[in-house]
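Scroll down for the structure; my scribbles are underneath it.
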Amino acid sequence: MRLTSDARGVFPIAPTPFRDDGSIDLESVDRLADFYVGCGATGVTVLGQLGEAPKLEHAEGVEVAVRTIRRAPSLPVVVGVSAPGFAAMRALTREVMDRGAAGVMIAPPNTLRTDDQVVGYYRQAVEAIGADVPFVIQDYPLTFSVQMAPAVIRRIVSENASCAMLKHEDWPGLEKISALRAWERDGSMRHIPILCGNNALFLDFEMERGADGANTGYCFPDMLVDVVRLSAQGKRDEAHDLFDAHLPLIRYEQQPGPGLAVRKYVMMKRGIIAHETLRKPGAQLTPAARAEVDYLLSRLARKDARAKVK
Amino acid sequence: MRLTSDARGVFPIAPTPFRDDGSIDLESVDRLADFYVGCGATGVTVLGQLGEAPKLEHAEGVEVAVRTIRRAPSLPVVVGVSAPGFAAMRALTREVMDRGAAGVMIAPPNTLRTDDQVVGYYRQAVEAIGADVPFVIQDYPLTFSVQMAPAVIRRIVSENASCAMLKHEDWPGLEKISALRAWERDGSMRHIPILCGNNALFLDFEMERGADGANTGYCFPDMLVDVVRLSAQGKRDEAHDLFDAHLPLIRYEQQPGPGLAVRKYVMMKRGIIAHETLRKPGAQLTPAARAEVDYLLSRLARKDARAKVK
Amino acid sequence: MRLTSDARGVFPIAPTPFRDDGSIDLESVDRLADFYVGCGATGVTVLGQLGEAPKLEHAEGVEVAVRTIRRAPSLPVVVGVSAPGFAAMRALTREVMDRGAAGVMIAPPNTLRTDDQVVGYYRQAVEAIGADVPFVIQDYPLTFSVQMAPAVIRRIVSENASCAMLKHEDWPGLEKISALRAWERDGSMRHIPILCGNNALFLDFEMERGADGANTGYCFPDMLVDVVRLSAQGKRDEAHDLFDAHLPLIRYEQQPGPGLAVRKYVMMKRGIIAHETLRKPGAQLTPAARAEVDYLLSRLARKDARAKVK
Amino acid sequence: MRLTSDARGVFPIAPTPFRDDGSIDLESVDRLADFYVGCGATGVTVLGQLGEAPKLEHAEGVEVAVRTIRRAPSLPVVVGVSAPGFAAMRALTREVMDRGAAGVMIAPPNTLRTDDQVVGYYRQAVEAIGADVPFVIQDYPLTFSVQMAPAVIRRIVSENASCAMLKHEDWPGLEKISALRAWERDGSMRHIPILCGNNALFLDFEMERGADGANTGYCFPDMLVDVVRLSAQGKRDEAHDLFDAHLPLIRYEQQPGPGLAVRKYVMMKRGIIAHETLRKPGAQLTPAARAEVDYLLSRLARKDARAKVK
C-alpha cells in the first residue's frame, strides 16, 4: 500500500515503547497498532522525532517499523527517515519500503536557510531514496529552524511527483494552509494532503482552513479522530467543544522536552502501552509534573469519559 | 516608587496604541492606564517587545512611558530598555527613571551563548544603567535564543543587588520555577519576584509552582488578575475553570506574528483602546483570522461575561 | 554628493576613535578622514558594526558622521543605520542625509529566514528611509545569520532603484560575485558596485571575480587601495605579492571579538588615531596578543615599509 | 593502541576517497595511510565532518576505519562517531574499538546552549560508549553553534577520565589555549593534549600558546608536521616562514562548502589520492575556482617544492 494524495484523517505519530530496562517493548508496539486501528486512524507514522528515532540503532528502527506494518496491514505506515546524510536515509528507506512501508517522512536539516537550499535538499533526497518512494515533507520550524514559505512548498510539490503529503507544523501556520489551498483552487498547485502536527494545538482551526487531518502524537488519538470527523461533518461547535476540553492537556503535552514523557505516562495510564519509559537521554517527569497531569486528566474526565483512568 | 522584591500580582505588558495614521494615540494610552488600575493590576510594563518598542523613535518611547507614569501614579511602571548597545540602554534608562519609572526590563541579546556571557552581560548592563536602578531579567528563549539555566539566574541575582524581578517566559518553564523556589527555601538564593509571561499559557500551573503573578499582555488582564487571586487563595478548581475558559483564545493570541494584532483587535472591541492599528512592519489580521477571533470570543462569552463585545 | 552606481575603489570602514576615558576623540576622527583622503580612498563608511555604532548614543553617532563629512568633503560618506526598528533607522537616516551623507548601509536583522522575508525587509526599509536615499546592502551571514542567495540580491536591486551598492561579505563568496556579474553581462540585472568586506580576506580573488573594490576596515587601508589598483591594472602577481605579505595580519585582525582591538592597536601605532581604546563592552588585547601583533608587524615590515612602526 | 594524554604532533583528518562512481576507493585509503606514516604524522582521524562521514552507510564507515587501522598499525586511529543519537554512537564506537581504533571523536549537537547542557551531553556520551573508550572533544562552534567556555572544557575533562584530547577549533581561540594551559600549570586541571583544527588557520600562534599539534585536514599534512616540529624546536621565524607561504592556500581551503573540494583536488594533483570526487551532495569546483587553486599552487611552488605538481 503506497501513500497517495487521497490521504486524510489521522495518522498518529507513534511513540516507541520501551521496557523499563530500555529494550524495545514489542508487545506494546502491537498494542499501539491495534489501538490505532480500533480508534479509526487512517494511517500511522513511526520513527518520528518523538518516536525517539535517533535513540534507536538501525536494526531496532527497522524492527519497530516492520512490526507495525505487519500488525496493522490495513493502515499505510509512514516511516521517518530524516538523517544527517543521504546514505543512511537511502539505506533505511529501501529497507522499510521493501518490507511494506507506505512512504517516508523527511525533515530538512537545520543548516538550510535560503529557499533554493530547501528546494535543493528535497531534490537531492528524492534522488537518494528514489523517485518512486512517496514522501512527506515535515515543515516544523520550531524544532528544525528551517522556514519554508508557501512558495517553497509549492516548488517542492511541483518538482517532485513523489511528494505525497505535507506534515504541517509551522507556527503560526493557519495562513499557510489558506495560501496553499488557494493555490490548489486556482490551479497553480496540485492537491497534496495537509495533515497537522504540533500536538494538534491548532487542529480546531486548521481543519476549518482546509487541512485534511492530523499527523501528531497527542495521547488521545481517538479524540483527534473525533475532532477531524466532526469538523469534516460541519459540526463546528461540537468539534470545538471536544477540542477545548482537551486543550489544557494538549498544551501541557506540547512542551518540548517533558512533553514526550507526559504522552507516554498518559498512554500507559490508558493501558495503550505497558511502560512510560523513555530511552536515555530523555526527560523524566518530576512528581510535581506527574501530579499536574493527573489533575488535568481528572478535570478532563468530567467532559470526556476516555480520560477516566485509574 | 521603585520596584522592590515585594512585587506580586499582575503587571500587564502594555501595547502601544496607534491611530490609524500610525501616530501614537495618547488618549488610548490614558485609557489603558485607567483600565489597568481599575482591574486590579499591581504594576505595568511599557515598551516591551510586544509594545512595539523597536518601532518607536526615542522621544516617542519616552512620551509613552511618561504618560503612563503620570496617569497611573499608584502603579509602579517598568520600562523595557533592551537595546543593541549599552549607550542607548543607559540613555533611555536615565530619562525614564528621572521621570518616575519604577525600574527597567532588560533582555539578553541573541548572540550570547555560554553561562559566563549571560552573567557578564547583565553585569555590564548594570554598570551602564547604574547599580541603583531596579531591573527585571527577561528570560524568553523562544524569541531571544538565549537559554539561562536556573544557576545562571541565581548568579545574576546574587551579583546584582538591583535585580528586582524575573519575567519568566522560558518554555518549558515549570521546573525552573520549582528550582528557583527550592533555592530560596534552602537559603541559597534571595527572594526575587517571579512574574510569568508567554501570554500566560501556563499561568495556572506557574502560580502553583511558586510564581508571584503575571507579566504579560493577554487581552483580558482582568482575567489574569482573577486567576492570580484565586490561585493565591488556594481556590484551585475555580482558578483552572476560569483559566481553561480563556485558554483557546490565550493560545490563539500567543502566536508570534499575528498574536499582537489579535490582542489589539480584542482590546479595541472591548473598548480599552480606540484602534487596532499596528505600526509597520506588523502583521495584519486576515478576514479569516478576524472571524476566528470573533468565534472564540462568542464561545468565551458563554463562560465569562467580559467577553461579550459587539 | 550622493552614492551612485559608479562607485568603486576603497571605502574604508572607519573605526570610531575614543579617548582613554571613553569619550569620542574628534581629533582622531579628523586624522582618520585626512588619512583616508591621503591614501586614495574613494569613499568612507562610518557607524558600521566595527565602528562600534551600537555603543554610541544617537547624538554621538550623528556627530561622528557629520565630522567626517565636513572633514572629507571630497569623499562620499556612507552611514550605517541598521537598527532593530524602522523608526530609529529613519530618524538617523534623515539626520545624516540632511547633513550631507552620500547614502546609508543596512544589514538585515538576524530573525529573517526565507527569501521573501529578506526582500520584504529591504522594501520596508526603503519605505521607511525614503526611496530617494541611496542604500548599501550589507550581506554578512557570518555575523547576521541571514543568507541571501544571489537571486535575492537581484530581487532587492530590481525592486529598489535606490539600491546603490553591495557590501559583499558572504563566506564563501567568490561564486556569488561571479553569479551577479554573469547576470549583469546577460542583461538580467543592472550594474551595482560590489565592494568587499570580511577584512579583505579574499580581496585578491574577489577583484578578479569582478568586484569593484573593498569596503572594510583593515588597518592598512592604503594597502587595500594598492591591491585594488594593481588588480584593476591587471598586475596580478604584484597584487598577490602585496596581498600575501599582509595576509598573516589580515587573518589575525579578522578574528571576531579581538579583531577590532587589533585594528585600533595597529592604527594607533601607525599614528592614524591617538588611542586604541574600545568602548565597553569590548575585547582588550592580552599581552600575548599584543606581542603577536608586534611580531606580525615586524615580519610585515620586511616586505612593506608602511609596517615599520615603533 | 589506545589514545593517551601523551598524544602530540599531527593527526591529519583523513578525507574519504571515492571513485568517480561514488564508491569508496580503498586503494586511495591505503595510499593516504601510507602518506601519513611517511610524512611523520603521529596519528590520524577518520570519519570526521570533512571525511564526509554523514554520507557513508554504517558498513562503509566501518570499512574505511578498519582499512586505515590495518594499513597504518603504527598510528593511533581516532574515529569520528558523532551522531544524532547515542545508540548509533555506541554501535559505531564498539565496532571500531573492537577492531583496533585508538579512540573516538565526539562533537556536541547544535541544540545545546547552556554550560550544564554541554557538560551533561558528554557525561551521557561516555555512559553510552563506555568509560574505557578514550574520546576527543571537538570544540568547533563555527559549524556546531555550540560554545564551550574554557571552564566547561575543564569540567568535561575533570568529570571524565577517558577524555583524552581536545580538538581545538574555536574561533577566536588563542586565549582559550592560554587559559587551559594556565590551569594546567597551576594544577587546577590535568594535562590534556590540545591539537588544533580549523584547517590550521592559526597553527603558527596556536603552537606558541601551548598547543601540542594539529588535527586538521589541510592538503599538505607534511607542512603541518614541519611547522609543528619547527615550532617545538623554537625555530620561530622558520616556522612562520613556512606557514606564511601556505597561508593563501590554507585560507582558500578553509572555506566551508568548496573547501573540501579544494582539498581533494590538491591531494589528487599531489598523487595522494586517485580522484577528487566528493559524494553527493557536495560542492564541485567551478573552472574559476580550479584556476585559482592552480595559481595558488604555482605561487606556493616557488617557496615549497612540494607544491610542484603537474
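The letters A, B, C and D name the chains in turn, as written, and every chain counts its residues from 1.
The criterion applied here is as follows: contacts are C-beta pairs under 8 Å (C-beta built on N, C-alpha and C of every residue); 3 or more make two chains touch, one makes a residue touch a chain.
Bear in mind the structure is a predicted one, so any value in this text is a computation, not a measurement.
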| item | value |
| --- | --- |
| Listed pair (A-B, A-D or B-C) duplicating the C-D contact set, over half by residue number | A-B |
| Interchain centroid distance [CA atoms averaged], chain B/chain C, Å | 38 |
| Centroid spacing, where centroids are CA-atom means, of chain A and chain B in whole angstrom | 34 |
| Where chain A and chain C are represented by their mean Cα positions, the distance between them in whole Å | 47 |
| Residue numbers of chain D (touch at least two other chains) | none |
| Pairwise touch network: line, ring, star, complete, or other | complete |
| Chain B-touching residues of chain C, taken from the complex the two chains share | 53-58, 60, 83-88, 91, 110, 120-121, 124, 127-128, 279-281 |
| Partner chain C, residues of chain D touching it in the complex | 171-172, 174-175, 178, 201-202, 204-205, 208-209, 240, 244, 247-248, 251-252, 255-259, 286, 288-289, 292, 299 |
| Contact footprint of chain D on chain B as seen in their complex | 113-117, 141, 146-149, 151-152 |
